[in-house]
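Consider the two complexes below, in which chain A is the common component and chain B and chain C are the respective partners.
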Partner chain A sequence: MWLDTLALMPVLLLVVAGLLIIVLDSLDNDSPVLPWVALLGLLGALVLELNRLGGGGRFLFEGLLRVGGFSAYVNAVLLLGGIATVIFCRAYLPRIWHAHGEVYALVLFALVGMMVMAASYDLVLTFLGLETMSVALYVLTGLAREDVRANEAAMKYFLLGAFATGFVLYGLAFLYGTTGTTRLDLLPTRIPNTPLFWVGVGLLLVGFLFKIAAVPFHMWAPDAYQGAPTPIAGFMATASKAAAMSALLLLLGHGLGLVRPQWADVLAVVAALSMIVGNGAALMQGEVKRLLAYSGIAHVGYALVGIASASASGYAGALFYLLAYASAALGAFGVAALWEQRPDRQLPAEDLSGLGRRHPLLGALWVLFLLSLVGFPPLAGFMAKYAVFAAAVQAGKIWLVLIGVITSMISAYYYLRLCVLIWRPVEAHPLPSSGQLASGVLLLTSALLLWLGLWPSGVLELVGRFFEDSGLVLR
Partner chain B sequence: MVPAGGYLLVSALLFSLGVMGVLLRRSAIVMFMCVEMMLNAVNLSLVAFSRLLGDPTGQVLVFFVMCVAAAEVSVGLALVIALFRNRESIDVDQIRLLRG
Partner chain C sequence: MDYYRIAFYLFGALTVLAAVVVVWSRNLIHAGMGLLLTLFGVAGLYALAAADFLAVVQILVYVGGIVILLLFGIMLTQRIAGRAPRTGVVNRTVGALIATGLFVLFVMVIFSARFAELPWIAQGRMIDRESAPPVGSTVERLGQLLVGPYLLLFEVAALVLTVALIGAAYLARRSRQEGARPRRMIS
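Showing the complex of A and B:
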């Protein structure tokens, strides 16, 4: 029992750091030390997770949670997102006069929820993780409380999020009622073929698809990202999606792995819709954060192609996709956060003109992030798309791959427009906020993109080891 | 004794009422109350299932749901207050700065 608690150290470290931040914040309000406390906790947790990345997973608390392997990989992605978010918040929040200490505590608590989701093998625990994450994110979205835009964003996110929670719970109740268990490892042997069970699965799917902002449950995402502080929008786009996606993968791949044909086609349709609607709507966006939100919806579609393939290589591809997308999107949101300077916290695309001439390095990084989002070789985005598309071809879903390739080509239009825009010969304002740490994070994520693109075999092999050939998350 | 199906039926009715309320009403507070009704409908079916199966997990989950609902209430009401301070209105049809 005590050993099991020790194995939860990364999560506990974040809890302790979060509580410490709250205490320190009450002693010395909005002290500049707080982001450092958060970073210390995050780095410690990241080291611990990376340490058990290679070994197989281990069940804790009689099968309630499983650490190492799959969850260590997802948690590492989440912690990377958390570290980048804290560093960008430190550079960005003072500029909008909201450098509140509790922001860092809330980011850590949201991460605790996400990490629990990625490790949970019991739907009760998954639900608690989901809510811990969501409630913290509602607050972070509405951080600029004097701004009507932030109020609106948070209100929409909250109302729709709570609505989706109702569906998750009702689905969970049906699943429990028809199988008599909420545990994912007992579920495969107890699947009844009653309509009530499948209604429950459908309701659970609605809730999860809402959290990852897949079409047709995506309406909240562009509004929430536009109204939220920019680094927080990046956090929601990457970490919360990765966490909900891994919980979905555990539920479908592990819990319902034996009845794959029943859900694979539904997910394939959702993936196709997400790619089409996400990329189509992004073409018409003038605001950068809103555009990145729609691009995020499209990328969820690409990752879902991997899950819809319902094979070990598809799941591995989806996991690789999460890391590739998170690195590129964190970088893009980071550059947007550093460059944004309007008092209403908006960033119309025209505001980017001249960025590249004023700050060539930042401009080059921006281009790199966007090219990876397009899926341009030899960057990570290309390898990730290749991995999920190859799995879909193996699964015989050629039509899905066709839609994916065509929408990728369409998406090149709006990404490249943003790339070209920054090199216009216009006099641009100096960088409103900078920081060596923030630039360090941007360099690190771009290095990660290049590394994953040029030498993907290491990570691909690693994520492939989490799944047996049957596709169940068992190792 | 009422058969378990009766409880599940009431729960389904309450849930549907909640869903319709969220979709049809335009006051943020009322929508919010409808979400709470959905959660309580789920609680009812969880307890019913728990009795039916003779397994305590469902009843334990009900306590978690209540906790989560309370946490959501505190954040949701804070958001409603922030919105009302800036807009003097909580009609969700009137807040539409963000679109496109």
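Showing the complex of A and C:
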């Protein structure tokens, strides 16, 4: 038990850092030290996770959860999102007068919940991780308490999220009632022949699909992202989706891996709807954060194509997609956070005009992030789309790939419009908030995009090793 | 009809009817009282399922604690005490269709499940018939499980509560020099 606890060190580091922030905050209100404490914890956890990335997974606490391998990879993606979020928050929050110490603690606690989800092999633990993440995100969404829009966003997210939680719990009850276990490693041998079990699985799916904002459970996302502080919106769009997606992958790939035909088509339909509705609605958005929210819905669809392929290469493609999307979206939300200057925290697309002329480097990075989201060839987004589409073709889901390719081409329209807009010859305002750290994060994520696009084989091989050919997450 | 069945249906009816009051009442105090009865009925169902500790905790925490706090909250906030909720009912037809559909689906699959034939329940019944150990208090066993194999779950649940506490404290505290506009104090 003692050694098992030691193996949870990355999570424990974040918990300790979070509690330390709360204590320090009560001693010295909103001290500038707090983001550094958070960063220290995050970097420590990232080093530990990267360290065990190559090794196989190891079960802890009698099979309750599993560290290393799969979870180390997802946790590294999550921690990357956490580091970027803390750094952008440090640059952004003082400008909207909300540089509270609690923010950093809540980001860390949300990450703890996400990391637990990515490692959990027991649905009860998955649920607890989901709740830890969700409760922290509800509060972070409503950070700007004096703003009606923030209140509406937080309220909407909270009420619908609580409803989705109900679905997860109800599904969990059905699952336990029909199988007698909540453990994912015991589930494959215990799948009973009763419709009640499948209704339970369906309810669980509704809950998870809500958390990753897949169509038709996506309604909350644009409002929530628009009302939340911009760096937090980026955090929700990347890290929380990655965590819920990996939990979904563990449930479907591992727990229900032997009955793939039963759920693969359902996920394929959800993926298709997400791609169509997400990209279609993004065409009509004038506000950048809303647009990125819809684009995020579409990208969830692309990642789901990998899971819907229900094969080892599909799962690996979905994992690769999560990293590629997270890097690009974190960068895009980061630029939006740095550039946003209106007191009502909105960023209409026209406000971007002139950005590139005033700050050519920032403009170039913005273009790079958006091109990766389109899936433009030498960038990570292209390789990620290629990976999931190839898996879908192998699985015989040609129609899904067709929808994916067509919606990608449609999406180019609104991404490219935003790319062109910033080079307009307009006198733009100076950058309202900046910081060497924030620029460093933007450079790092763009470097990651180039690296994943040009030399993807290393990461693709790594994620491929997590899955046996049968598709079960075993190594 | 044995007493167990009578008690089960009584508590079940109490739970459902009180829940209907919670949903349909336009008076917040009535809804709160309905919630109290619902949670009490659930506690009764727990007790009938031999989960004695859970039943006691349900009464202590939910009936005795949370609902009472809720009622005090409603009564002390004079603005909302006697007033009906202002939100209207939207999407009546679609909502009714989905709710009825889900209800019918759940009833159908639950009745078609035949729990007694499920492998894990059938196994449990066999063991009971052979040795039938007397079921004593579940407190000791629960305690051992919570600090034993389920210690991690226990700790993560503690974290959920910590996050909720920090979040509630942040959202409810008096504002310092925050926000673009100065906030008016609520009298």
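Just so it is clear, the second predicted complex is superposed on the first by the 475 of 475 C-alpha atoms of A that agree within 3 Å, B and C clash if a C-alpha of one lies under 4 Å from a C-alpha of the other, contacts with A are read in each partner's own complex, and residues count from 1 in each chain.
In the analysis below, a contact is a pair of C-beta atoms (placed from the backbone, for glycine too) under 8 Å apart; a residue touches a chain by one contact, two chains touch by 3 or more.
Values in this document were obtained by computation on a predicted structure and should not be read as measured data.
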Regarding the shared-chain residue A:V15, is it in contact with chain B (first), chain C (second), both, or neither?
second
For A:L462, decide between first (touching chain B), second (touching chain C), both and neither.
neither
Of the partners chain B and chain C, which touch A:G142 in the superposed model: first, second, both, neither?
both
Using the touch definition from the top, say if A:G129 reaches chain B (first), chain C (second), both or neither.
second
Thinking of the overlay built on chain A, is A:L106 touched by chain B (first), by chain C (second), by both, or by neither?
second
Just to be sure I read the superposition right, which of the two partners does A:L65 touch: chain B = first, chain C = second, or both, or neither?
second
With the two structures laid over each other on chain A, which partner does A:E287 touch: chain B (first), chain C (second), both, or neither?
first
Answer with first, second, both or neither: which of chain B and chain C does A:T165 touch in the superposed model?
first
Between chain B (first) and chain C (second), which does A:L43 come into contact with in this model arrangement: first, second, both, or neither?
neither
Identify the residues of chain A that lie in both the chain B contact region and the chain C contact region.
124, 128, 131, 135, 138-139, 142, 145-147, 177, 180-181
Chain C contact footprint on chain A (complex, rising order)
1, 15, 22, 29, 61-62, 64-65, 96-98, 100, 102, 105-106, 109-110, 112-113, 116, 122, 124-125, 128-129, 131-132, 135-136, 138-139, 142, 144-147, 177-181, 190, 192, 194-196, 199, 343
Chain A residues touching chain B in their complex are 124, 127-128, 131, 135, 138-139, 142, 145-149, 151-156, 158-159, 162-163, 165-166, 169-170, 172-174, 176-177, 180-182, 222-223, 226-227, 284-287, 290
Taking the complex as given, what residues does chain B use to touch chain A?
8, 15, 18-19, 22, 28, 31-32, 35, 38-39, 41-42, 45-46, 48-49, 52-53, 55, 57-58, 60-61, 64-65, 68, 71-72, 75-76, 78-80, 82-83, 86-87, 92, 95-100
Please name which positions on chain C make contact with chain A in the complex.
105-106, 108-110, 112-115, 118-121, 149, 151-153, 156-157, 159-160, 162-164, 166-167, 170-171, 175-181, 183
